[in-house]
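Take a look at the structures listed below.
Two complexes come next, and they have one chain in common, chain A, joined by chain B in the first and chain C in the second.
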Partner chain A sequence: MSNSVTARRSRSRFPLGGWESSLLVLFVLQVLASSFSIPGFFDSFSSWLGLTENFLPFGIVALGLSVVILTGGIDLSVGSTAGLGAIVMAELWLHLGMPIWIAVMIGVALGALVGLINGLIITRFNTEPLIATLATSFIYRSVGTALAGESPPSGFPDSFNALGQGAIGGLIPYQLILFSILAVLFALLMSRSAYGRKIVMVGYNGDAARYSGLRVGRIVTSAYVISGAMAALAGIVLAAYYSAVRPDMGDILLLTTITTVVLGGISIFGGEGSIGGVVIAVLLLGFLRQGMLIAGFSDMVTTMVTGAILLAAITIRNLLSGRGTGMALLVRRFRNLGRDKLTEATK
Partner chain B sequence: MKNMKWAGFLTAALLGLSVTAHAADIDTSKRIRVAMVPKLVGISVFKANQKGAIAAAAKLNIDFLYTGPVTASAQGQVDVFNSLIARRFNVITTTSNNPTELAPALRRAMKQGIKVVSYDSDVAPDARDFFIQNTAYPAFGKALVDSVAKYIKPDAKIAILSSTPDATIQNEWIKALKAYMATAYPKMTIVTTQYGQSSVSQSLTAGLNILQAHPEVTGIIGPDAAALVGAAAAVQKLGLTGKVIVGGCSDPDAIRQYVKAGVIKETPLWDEVKEGELVMYVARLAYNNAIPRNGSFTAGDLGTFKVNDGVIIFSDPLIFNAQNIDNYHF
Partner chain C sequence: MALPDPVLPTPMQVGFYEARDLNKRFGPVTVLRGVSLAMQPGHIHTIMGENGAGKSTAFKILAGLIQPSSGSLHLDGQALSLASPAAAHHAGIYLVPQEPALMPELTVTETMFVGQLPTMWKFPRRVDWKAARARACQALATLDLDIDPDQLARHLSIAQQQQLECAKALLRGCRVILFDEPTSPLTTHEVERLFGTMRRLRGDGYTLGFISHRMDEVLDISDDISVLRDGVLVDSVERAAFDRVRLLSKMVGREMRVIPRRQISHATSQPVLEVADLAHAPRFRNVSFDLHKGEILGFAGLVGAGRTEIAETIFGIRARDKGIVRLAGEDISDLDTHDIIRKGLVYAPEDRARHGAVLPMSITENVTSGLLERVRSRAGLLSRSDEDRIGAETVQRYRVRCAGTDQKLRQLSGGNQQKVVFGKWMGIGPDVAILDEPTRGVDVGAKDEIYDLIDSLAQEGMGILIISSELEELVRICDRILSIYDGEIVAELTGDEITPERVSASYLTTAAASGR
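And now, the complex of A and B:
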């Protein structure tokens, strides 16, 4: 099984697969079309880059969530974890007088810790990730609400707010720099390291991975640790963006990030997809939403479009995927048929 | 006597004249774009604001847009603000989901010369030019207590069912109602304060919990639209109509059946439609730089309003009861 995967990978010389390339073309077309047709979308290069501040926290969560989904799992607690990480960071800063950047690190570490709890519950007790993380999401959310109290902290120092709202030289947002570094790291980790191969292997066929001697439980748990840390980091960036924290601030993250990951070409069943695709999907969805909002479409319409994109992406992926319904089998048969003809022709 | 009548008539006529003169005072020569951003779309009280705003916008040469998030999220509102800033609206009016998260986006708007007017639920004071407060907190606290206390024993035990622990307005009202209760009904005690998360079903559950855990409670105050409906539904469900009086505030459409059934005797609110009109007057005048931070101004036939450090109080509480509730539809 893994041989066929790696074989298909190595066949393409271009670093991006067919799905990712199509997304990239869509993204470029969409940005060009929006720039010409929507007044206010591209006023200047810096204002256009500034739009990314409004959606990159979604991207940070999506990177972590991608790893979990690659293992064939799901993390529904990312929203609550984001809120919890941000609240702990803010409370440490406000009530214990801790330097804010140390509080930030503790917040991210806490995200990793709650991710570890998720992972252990899933692997040790053999719980469905969907149920386990749904349950922990309620718990983390409640803890966050209790910690936040009647008047959640706000009004952070400007040096911290810059993480969410500032830009180097007034041009490149700090958020964009942070996201770019993380994106490169994740892409290398998933495509160039043994760890990344193991994650994909576990997601593609857990049993085969186990029989070939991989410590599946440990690998799966590590994915949730990464997802938790990224969610908490995203929550902290949101805290800087709003200069305030709230227990419910992560609620909006979940659905959009799942959409992003699936649109990015990561199979919801695990084992397939690339970080590059997710990064393009973050930008595509983000600029699409910003463009639609600036064009004056209501939040209702943009939310509806997000839902429609999720449906379309899953449907198309299922049709094209080697695994799945009878339709997919049919497509594969046609594809093979075409390939056979091609090989015959080249003979 | 006859002279007196004439004098009255004359004064009335003069008053009328002066009002129209004031309405004409507002400079409406330049057409401006004003957006109204509610906490979320699809809520009847906010639609009532919108109805009033549309009527006033037509008179004030305003290009009016009503837009907001689908769920009551601050993030959704910030998205909307960002788009309004990019589209160069002249004035943004909003009622905020929470005071802190919206502030950076609104400050960005103000920096670009956009006037910001908050109404109903305020944002951080440095993130808006003017705030239109529904009613003064002490007056509303009094009305909330009276809506229940008038109908139960002076030493009764009551419960409060609010929205969320950090909801600004509800907390201010609860503070005000406690202060008033301490002086007017010193023997009355609040046995518990519960929260229904602004959701009718969760408020119903919370209401049932209150009634079952505290059978001695004879009054529930729900200073939140969903909480009031949930509490009233809980009382009706347990067959306690008449034994437990429910008061609080909500839009008349949501509570009409409970008022008619006698579960709710009276509830204070304000005229949401007229408030929407005032929001547009303030938006127009703020754009014209024709409102002082401290002082007073006239908003057409709505009358004259005082401004205190940028805060405008819209009206006294308007009490709905079985007799008058059918005159109001929102």
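And now, the complex of A and C:
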């Protein structure tokens, strides 16, 4: 084989892989089907776009959580962090009379801070992310509930509520604009920046990353900081949407965002996946739930469907990637056999 | 209630275990060539040899862990076919691994009976713990072992785990017990205890196999010694004919092996890496050496002598107790790996899949991962064209055979993966490169290419430190060789002193002299 021929890229640069493309097709089909079969799903373009306000906060959390899952970790505290961020924001505004947008910034910063705490606990004490963030989620939620008191703050100024409910020219919701900007930012960060490359490398093989001179601890910690900040931001957007703080959103937020990230094609083992997939999954899952709610299904049914989708997504991905199935076990056994032979031979 | 017979199976005066004409190939590599061994009941039969001589492979075949390519096994004259360790246990053959993999949360009793706990009642069947414990106690007492049967396995020391494995062998009624290099992780006292157990078993008529590098202990305990070299049985002697010098020369090989050494050295007198009194208990101590510009320095020694640990400490992966590392005169001992790389020292680890490379990532991504600053970036985004250029240059310069620079590394052969790892590090122009087992898993043809590559890097003035367990490799390319034994530099060889025999003897004789 000649090297002048081989020294080129062999594949196209189409930004979406097979999984993402399938999701996109599924999304289009689902929207078309819902539009025709569910009355009220597509009354007008603006009302259809308005549906996104119901689920885009979940998307914002999913973007941040994707970074953590790409490192091979998990952040179970996103729900609590969202609540805590929103409550702190509201309390600062209500009781200290702080300008609301300053309070928003402090709320997001607080999310970053609790993310930093998660990250430090995980990297410094070598704790399992699952356990560490489960524990901190209880703590953050308790602190949030305590701060909120018996009657959580509500009645924010209209300028703030517009963040959750308003739309430019009555057509494009501010939420959608915010999410789009964040989505593009995250997609570029993960796929094109040095930082994203490091995240992926740590996710695929943390040891190799360390031997390549990456400061793995810092990189992992930064992922939790991002996840915390995004969660707090999402909590604040939710507060604007309801014009009230809801400290009880944690669990459904967590379940939905993990589902979204996994459905979006990010491997829970780390490394694999793209932000593009997550964005499509946000829309697919969001419109699906909205469609079902409009069609009259109860919240319980939609939650059940969410669970089923999570299961299906993870099963299909495992089948495709050859991980965690009987087939995969066979494949791996053969691979190991080959590797053992290699090490044997060189001993 | 039918209690199983709590009496231990008594060793019969049989157990004549024979291997006839064993051959074993792994792909293109032949590890054993026509090896025949005869192990007698009531004897301790030791196999000696250097790294890669085929000792462990031979034992693994004898214990059913791997299958020979050809040849046969005979127990008391009857041909055996051992498809698995379980089959070997059934036939009465047990291998005690160097570091037994016990289930840490089980008790000693449970560990001993894994998979075959005595039961009582037909239905519902239940474990007869009383009987299990009684039999465990008896097996432990037979070997005079001071191990509490109710203890958790994770509290056992390695020595105790090995002894527990012996007890397991007895419980399974095995007559042939093989010890794969049991003494290297043990202290002197523990070795004595293990030998006590082995002598007791020998006295009871068991057939024992033993692997060791340490001449003194081998002479002490063995009844028969077989010497393997490069997969060939070169000597087999009985106790009366033991002779230290003869065994050593057999292990090392007396006939001259002709190895084309590098003709031209690029070594200068200018030190680029200075290591002084580096130590990290208990792996290594008193490590001091200089590496010069353009020099190829080799670390020779047995597997587990601490060579990789020394390299990883220099590279900032492991902590150190004391010592100073200077790179081009600058103290780098307190820097982390990230900074050490940027000062100009790189390390290619021996285990590519785990440490050296990210196999699911592309060639280009692996190449640039060592120093992402190499890639031009605009507004924080890496330039794709610049990264592709670096990937393509690396593929061309290091002759990586691939379908394209965005091919995943796991799809390449071992040799090509290694070239990518080289390209990753050499592309950033380091002053010093440490290469740990640079040709492991690399086929013969690609080895030559890698040797040429190393030579050309030295010619450019890089200081290169090579850790290798392949003597011929060291002899072939090194300007100077340091022998490491048990965490210390024990010999330095230069120029004409560098022959496979002398390099090998430099650490093996130390092994024999210190003995432990």
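Rule of thumb we're sticking to: the second predicted complex is superposed on the first by the 311 of 347 C-alpha atoms of A that agree within 3 Å, B and C clash if a C-alpha of one lies under 4 Å from a C-alpha of the other, contacts with A are read in each partner's own complex, and residues count from 1 in each chain.
Throughout what follows, a contact is a pair of C-beta atoms (placed from the backbone, for glycine too) under 8 Å apart; a residue touches a chain by one contact, two chains touch by 3 or more.
Because the structure is predicted, anything quoted here is derived from the model rather than measured.
*Asks:* Tell me which partner A:91 touches in the superposition: chain B (first), chain C (second), both or neither.
*Replies:* neither
*Asks:* Look at A:212 in the shared chain and tell me whether it touches chain B only, chain C only, both, or neither; answer first, second, both or neither.
*Replies:* In the superposition, A:212 contacts chain C only.
*Asks:* Name the contact category of A:192: first (chain B only), second (chain C only), both, or neither.
*Replies:* Only chain C is touched by A:192; chain B is not.
*Asks:* Check whether A:204 is in contact with chain B, with chain C, with both or with neither, and answer first, second, both or neither.
*Replies:* It touches chain C, and chain B stays clear.
*Asks:* Is A:75 touching the first partner chain B, the second partner chain C, both, or neither of them?
*Replies:* Neither chain B nor chain C is touched by A:75.
*Asks:* Per the contact definition in the header, classify A:272: touching chain B only (first), chain C only (second), both, or neither.
*Replies:* In the superposition, A:272 contacts chain C only.
*Asks:* State the interface residues of chain A toward chain C in the complex, per the touch definition above.
*Replies:* Against chain C, the touching part of chain A is residues 1, 3-4, 6-11, 188, 192-194, 197-198, 200-201, 204-205, 207-215, 271-272, 339, 341-347.
*Asks:* In their shared complex, at which residues does chain C touch chain A?
*Replies:* Going through chain C, the ones touching chain A are 26-27, 29, 31, 51-52, 56-57, 66, 303, 315, 317, 336-338, 340-342, 347, 349, 353-361, 365, 368-373, 375, 377, 380-382, 384, 388, 391-393, 395-396, 399-407, 414, 424, 437, 440-441.
*Asks:* Note which residues of chain B are touching chain A in the complex, please.
*Replies:* 41, 65, 67-70, 73-76, 78-80, 82-83, 86-88, 98, 100-104, 165-166, 171
*Asks:* Name, in rising order, each residue of chain A that touches chain B in their complex.
*Replies:* Interface residues on chain A, with respect to chain B: 39-41, 43, 54, 145, 148-152, 154-155, 161, 165, 241-244, 246, 248-249, 251-252, 289-290, 293-294, 296, 298-300, 303.
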